[in-house]
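Chains here go by letter, A, B and C, matching the order in which they are written, and residues are numbered from 1 within each.
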Amino acid sequence: MIKQELKNIDELRILREPVEGEMLVNMGPQHPSTHGVLNFLLVTDGEVMHRAVPHIGYLHRGIEKLAEQTEYAGFMPFTDRIDYLAAMAANQAYAMAVEKLAGYVVPERAEFLRVIACELNRIASHLVATGSMAMDIGAVTPFIHWIREREYINEITEELCGSRLTYNYCRIGGVSHDLPATLAGKILLWLDHFEPIIDEFDRLITHNEIFVHRLADVCAISAQNATGYGLVGPNLRASGVDWDLRRDKPYSVYDRFDFNIVLGKGFRGAVGDSYDRFVVRVLEMRESCKILRQALVALPAGEIRSKVPRVIKPPVGETYAAVEAPRGELGYYVVSDGVSSKPYRVKIRTGSFTAMSIIESLSKGVMIADLVAIIGSLDVVAPEVDR
Amino acid sequence: MNFEDIVKTLKAEFGETVKEAAPGTVVADPGEIEKIALFCRDNPLLDFKALIALSGVDHPGRIEIVLHLASYGKKHFLVIKTALDRNKPEISTLENVWKTANWHERECAELLGVLFKGHSDPRKLLLPDDWLGYPLRKDYVPPTEYHGISHSRHNPVEKKRGAPPS
Amino acid sequence: MWKLTQEFIHKFIPAFEHAWLAYIAGALVAALALLAFASLFAGLASYVERRIAGRIMSRVGPNRVGPQGLFQFVADGLKLVMKEDLVPAGADPILFRIAPYFVFAGMFGTFVVLPFGAHLVAADLDVGIFYLMAITSFVVLGIMLGGWSSNSKWSLFGGLRSAAQIISYEIPAGIALLSVAIFAGTLSTQGIINAQGGLPWDWFAFHSPFSLVAFVIYFIAALAEGNRTPFDLPEAESELVAGYCTEYSGFRFVVFFFAEWANLWIMSAISVLCFLGGWKIPFVNAPEAYSGWLWILLGFVIFSVKTLALVTVVMQLRWTLPRFRLDQMMNLCWKYLIPGAFAALLGTMTVMALFSWDSPAGIAIRFCTFLVGALVVLYYIWRIVANYRADSANYKKLTGQSMWYPPWRLP
């Protein structure tokens, strides 16, 4: 009977019977390179894949439902859990949405601190993304080197806000802690150390011929497809679409910094292939270092939090606020009914969700080893997919 | 292109089925939504090639579908809203316009019970295949158990309050 | 080696006067000695590899069990032996159980002809190299059986990848070794070493540019046959979970890994004996000189140092390089290595026919090729030192601590 049930579920999942010569393989939920709890049902002919059907929802915690039952300020810690690798961006986007809805002004120093924290977080997230991608291709050493660098960032954020992973740093109307006096120097010291380390990483893995051949020309996404499938962030830019919210819809104080938008140019193969997505992330880390240096120099004095009532009751209305998170546009669509101190509806738009949806169409005719490269290069984080 | 021009272009094509609401937002007729979406995507002046988000909101008496559109080339944004009957929410699918709508609609369908007509893959996305009810509706009552696994647990704080000091 | 043990037994245990009894006893003692060596080497290699990996990845590595963590492999082995020996439901129980022993037999059989010193070889077969190529094929049989009988699709992928890989790479390896056999005029391992000299330019690797190519091709093919990175596709962790040994646990898992690490010695030792002069001591070329125990011991030390140097290079490669994809691995073999190996074979034959070993032109070619090899090694060392200097300065600036620890006081 169990077999019968399983058969039904399989049919339901792949919508058709496997034909002669096809083989069904379950990749996940416990597989080393699915980056979280995910399941891919692979329809393969030997090593060559005909189809990879993603089956998500293992980490669906109903954060959108939880938001409707939590007060505006109380929802902030939940946003950390959307994307555990880039909690700061999720914090900031939510704070921006509520501030926009209720009309609060954020002090300038708080905006700078948010930018500093977010860019540090972006570097930390890209470290994990590029490192774990190298590990998926079989090189373990770069990942451990990046984890070492990430450890310094974790120490910095611990000093900044007391937390290493789920920061809960942004408050509605500001940030929770001021920058400690010695920390700016510490960040600058680390940046001086980190930029040569990127060169070392490039020598170790980015320009490694085996690595390049594994990724170049693998699953190139055209600009049209990338836009149509709603890819955002580095994945979109790797396909050559010139779009970055930090520049094109400037939020916070990003319009005051001088930085480049990195685009995929087909560094070693077609535009938008897996190697482009990798290189774009590596180059973005350098740009983040630039922003950090400028922000630390320009950091103004002043308050870190504006006066915000204890119970937040925004007027009737709705708003959409988005930031350029490490995994692309992370936006909150918040609806307020004007009477309650709880949001009426919160919809969270994440980058990994749409990145995940393109995998099925990319996976036709590639090999199993390539699927691993695609998942790694799209930088999919399971809790962000499921929310 | 600013918002007034976008609304003007839309009104010139669709007349009164498109109404201007809040700044940046237009309200559209649910029956016309697919045509409007196609127009928004293909008109070279509008050029809304990207669907940022498709959200559903359960308002009293109606379910609103909210489309957040962006144009990467023209760098402008638009929100299209459309209201559906809460008792029988039906709308034609937009997956032929933006491919990303496929997953957004699957999520919206299982969480809010909206039927997207013509959708190619109407399976559940996030919830288990045998889940009953639409969790994001306001009148949703969470089940107490799922396949024999209880959803609630004993609250240690309440017990302490009620229990005699020992 | 069994000759020595035979004499030893004859001398001290008069009961073994029957030749066949002494023969069996000698073989058993030799086998035990080899097994002890192989297991000790495999264990220590696993420890050393993890320590080297730790240094490469700027972390510590195992350091808790015994001085400097030296007995970590004993602890790991004990833990694995005490684990439950699982046979998955639906697996073919007999094949599943015997598969690891095929791998073990394939690995351990090669030790029969592997020399350690002048007279230290279990059996100096006339068909030594041929025997080596034949017996290593046993490994692929075991891996395929293990992959197939596990009743797991990931294991099956691993087993089939392994079959494709090992069978393909045996061809370039065999052709590369063929050029060595042509030089030496014999297939016997001791004969091949005896045909070389102690000084680097008397080694077969530097006989001509073509033989250097043959050496490189053999080394790459040996990496592939030993399932080492960048050819670790059969057990690719990020793709196939653990490949053919996904379903194995306990003692059978130990056997797989024992074979893998003992294989490090085998592939390096074959490279050394065929291309890098084996146990020959510089300036001591006459075979008669290797009669005293001291000379044999010195030869053993020289052989081990060369082999361990190669083992270290293999370990360093593993922790530096990413992995090939299946089709790239096959392309490399069939499109580049096999034609390259044939070209190297033809080239070495031509050089051999034109310039004899002792002619001035032959010596000049050998010396020039040696210079090329030496430059490559020097460049390699220079890169290591330069990278180390740059990184330690950077590290010291950030943390104020030194990156250097003396090897006997590693953290």
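In this text, contacts are C-beta pairs under 8 Å (C-beta built on N, C-alpha and C of every residue); 3 or more make two chains touch, one makes a residue touch a chain.
On a predicted model such as this, the values are computed, not experimentally measured, just so you know.
Chemist: Let me spell it out: compute each chain's centre from its C-alpha atoms, then which one is farthest from chain B's centre?
Modeler: Comparing chain centres, C lies farthest from chain B.
Chemist: Which chain has its C-alpha centre closest to the mean of all protein C-alpha atoms shown?
Modeler: Going by the distance between chain centres and the overall C-alpha centre, it is A.
Chemist: Centroid of chain B to centroid of chain C, CA atoms only: how many Å?
Modeler: 61
Chemist: Give, as an integer number of Å, the spacing between the C-alpha centres of chain B and chain A.
Modeler: That pair's centroid distance is 22 Å.
Chemist: Distance between chain A and chain C based on Cα centroids, please, to the nearest Å.
Modeler: 44
Chemist: Send over the residues of chain A in touch with two or more other chains.
Modeler: In chain A, no residue touches at least two other chains, as defined above.
Chemist: Could you please specify the touching residues of chain A with respect to chain B in the complex?
Modeler: Chain A reaches chain B through residues 9, 12-13, 15, 56-57, 60, 62, 64-65, 68, 224-225, 227-230, 241-243, 248-249, 317-318, 320, 322, 329, 331, 333, 335, 344-345, 347, 349, 353-354, 356-357, 361, 386-387.
Chemist: Which residues, counting only chain C, touch chain A once they are in their complex?
Modeler: Contact set of chain C toward chain A: 53, 56-59, 153-154, 157, 160-161, 229-230, 232-233, 236-241, 319-328, 387, 390-391, 394-395, 397-398.
Chemist: Contact residues on chain B for chain A in the complex?
Modeler: The contact residues of chain B facing chain A are 22, 49-53, 55-58, 66, 68, 72, 75, 77, 79, 98-100, 102-104, 111, 121, 123-129, 135-136.
Chemist: Considering the complex alone, what residue numbers of chain A touch chain C?
Modeler: It comes out as residues 23, 25, 31-33, 46-47, 134-141, 144-145, 148, 152, 189-190, 192-193, 196-197, 200, 204-205, 208, 210-211, 213-214, 367-370, 372.
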